[in-house]
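Report on the structure given below.
A, B, C, D, E and F label the chains in the order they appear, each numbered from 1.
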């Protein structure tokens, strides 16, 4: 068996349960997503990733909806299927409408296109941008 | 000479000048960026790219500042030096503060990290996300 | 039928069988993986890829376990599902423990994150690194 | 001025100096690399990134040299110029010889090649890998 | 329900139907591919994408077969499963033989390999290429 | 000194000189490009890479111009500066006109855009493509 296996709450250690409990309380959900169940194979990684995510995605100069849409933009660019699915769901929960999703996708598509045009034409950076 | 060369206004055809004029008027700037001068080697590509960009980046369900930050997120993920420089400048012009840039970068970094954790642990999509 | 089809041993030409035989003998396995069966559609590509892989992955200054973990790091970064699955299996066979896999994933995640922080902050290379 | 600017020790806040001091002490170096000086624009990001990096790169199931080589493999795959330069230097400092670098590069090149062959031939995952 | 849903002809608006009709007429097919049915969620994006694609993929200095193979090369490099499947099918329809596909894949694999060797060895651009 | 250094002919071993001589004879050029001088640090890698490249880029079912354009498409997608410069030069030498370069870039840009639209809309593969 080569494929990593998830850790369910019932079989989790106290350290892992503490993280799961914090995720469930922070998000007000009855269970954690698969992502966390798989990371739980490495409790230190689980804990560090959750602590970082909680800090990074908290309201600040940018509100959580914008942060979730940025997450989707990166995940779509990288082609990470799991992340596209989970962060699109989070963005919708945070208030992303169908129209906002459409515009988000249009920007992501356009940026991926012009990134390559800039590469291929070897455009030098304008002095004003430095 | 293998490297593509920019087209300056003085040497541009009427078709290219019309696009340059529209960019300058839309953005209220005295000259277009290098990106457009290089694309001008292919007038059809120049025109199509500008028309699409104008439509995609216009205010809509998402405001221009958010769209510029999404553009930065994609460009940073792809490592496009020109695009990072130009769209960071555009985002600042549209109102991005130092604190917003910091949070944008933190989200982009985190998303690139967890995209790979999801890949490596081969996390299956939760039924709730489908 | 657009999808490439695998070549099974029974239907393979002598050239393809010779490569399959060498893979089976080198790895002491009863059959070759799907990767090789699909590449066999192009016998020259099959042969060249196998010869290169055999040379590159052989013990040298780096032992095979380290090489397999490097392979996983690249495959996870690129999001190649097949390659993640097959090289994780190979790494485990070469001795990768659960703890080693966890640390490998943590490094890969961290590197993908800081690669983007360096891009976004446009950090100039320190003179000492050149 | 659009380009992010580094924070030097003399102008740094106490929070930033504490991180810089810890980096210098941990690595026994007289000054921190540019990467940290730029991240210092966002003290929370600086601190979180350093704490994570310190934990992730510490000796564990994998020794620091292997971890640095994994970092190089990811950075080369992503084409992050700064990261390639800085982590190649770290890997050399940790004991990477010229021969080890050569084999590392050969594996990274090969993996990037076969990742795409697997994509293009749409190779299904062997049941044994799941 | 988080996953985007396709728009079928029967439920489509007049604007969407006009695009679908043009795709069917241009390609002489009885129905449009899933790609267009999903984009139809955002009629403006659908229309803009189709108009651009029609212009870009039309015969010109490069014939459609070459353009489809370039599309496959990009899609394989990015690991976009849908795009690999659909553009491999289009390339075959445009005349790509099994032998041509094999050589296309070999070039794509090789380019992805040497791109990383150039990154890792930090090869400076030869003056003759500038 | 962390940066890899090139190997010039005068200081090269017989094994390296043999490869350099073959490159110069095959391409009818007075000196090899920087890429080969850097790879020469690892003579086995140099030799294997050159032998593969020579086989892959030779005329076959696809002519050398098409192969060079495919190489450019991959390099632009990956953002490899050295490879974009060197293979654009090779493609021009093989007959790529300005108009062909323009269309090549347009296809590459478009493919990078629609790859992300397909990812973000999570478009399922049409049965006809499998």
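We adopt the following convention: a contact is a pair of C-beta atoms (placed from the backbone, for glycine too) under 8 Å apart; a residue touches a chain by one contact, two chains touch by 3 or more.
From a predicted model like this one, the values you see are computed outputs, not experimental measurements.
Student: Check every other chain and keep only those touching both chain E and chain F; list them.
Tutor: Chains touching both chain E and chain F: A, B, C, D.
Student: Can you check which chain pair, A-D or A-F, has more C-beta pairs in contact?
Tutor: Contact tally favours A-F.
Student: If I average the CA coordinates per chain, which chain comes out farthest from chain E?
Tutor: Computed centres place D farthest from chain E.
Student: What is the distance, in whole Å, between the centres of chain C and chain D, each centre taken as the mean of its C-alpha atoms?
Tutor: 21
Student: Averaging only over C-alpha atoms, locate the centres of chain C and chain E and give their separation in whole Å.
Tutor: So the centre of chain C lies 27 Å away from the centre of chain E.
Student: Please tell me the distance, in whole Å, between the geometric centres of chain B and chain C computed from their C-alpha atoms.
Tutor: 34
Student: Using the touch rule from the top of the page, what residues of chain F touch 2 or more other chains?
Tutor: In chain F, 2-4, 41, 44-45, 48-49, 52, 77-81, 85, 88-89, 102, 104-106, 108-110, 112-115, 117, 119, 121-122, 128-130 touch at least two other chains.
Student: Looking at the complex, which residues from chain D come into contact with chain C?
Tutor: Those residues of chain D that touch chain C are 3-4, 33-35, 38-39, 41, 45, 49, 52-53, 56-57, 60-62, 66-67, 69-71, 73-75, 77-78, 80-83, 85-89, 97, 99-100, 102-104, 106-108, 110-119, 121-126, 128-130.
Student: Which of the residues in chain E end up touching chain C in this complex?
Tutor: Of all residues in chain E, those touching chain C are 79, 85, 88-89, 92, 98-99, 101-102, 105-106, 109.
Student: In their shared complex, at which residues does chain F touch chain A?
Tutor: 72, 76-77, 79, 81, 84-85, 88, 104-105, 108-110, 112-117, 119-122
Student: If you look only at chain C, which of its residues touch chain E in the complex?
Tutor: Residue list for chain C touching chain E: 2-4, 41-42, 44-45, 48-49, 78-80.
Student: Residues of chain E touching chain B in their complex?
Tutor: Touching chain B from chain E are residues 2-3, 44, 48, 52, 55, 128-130.
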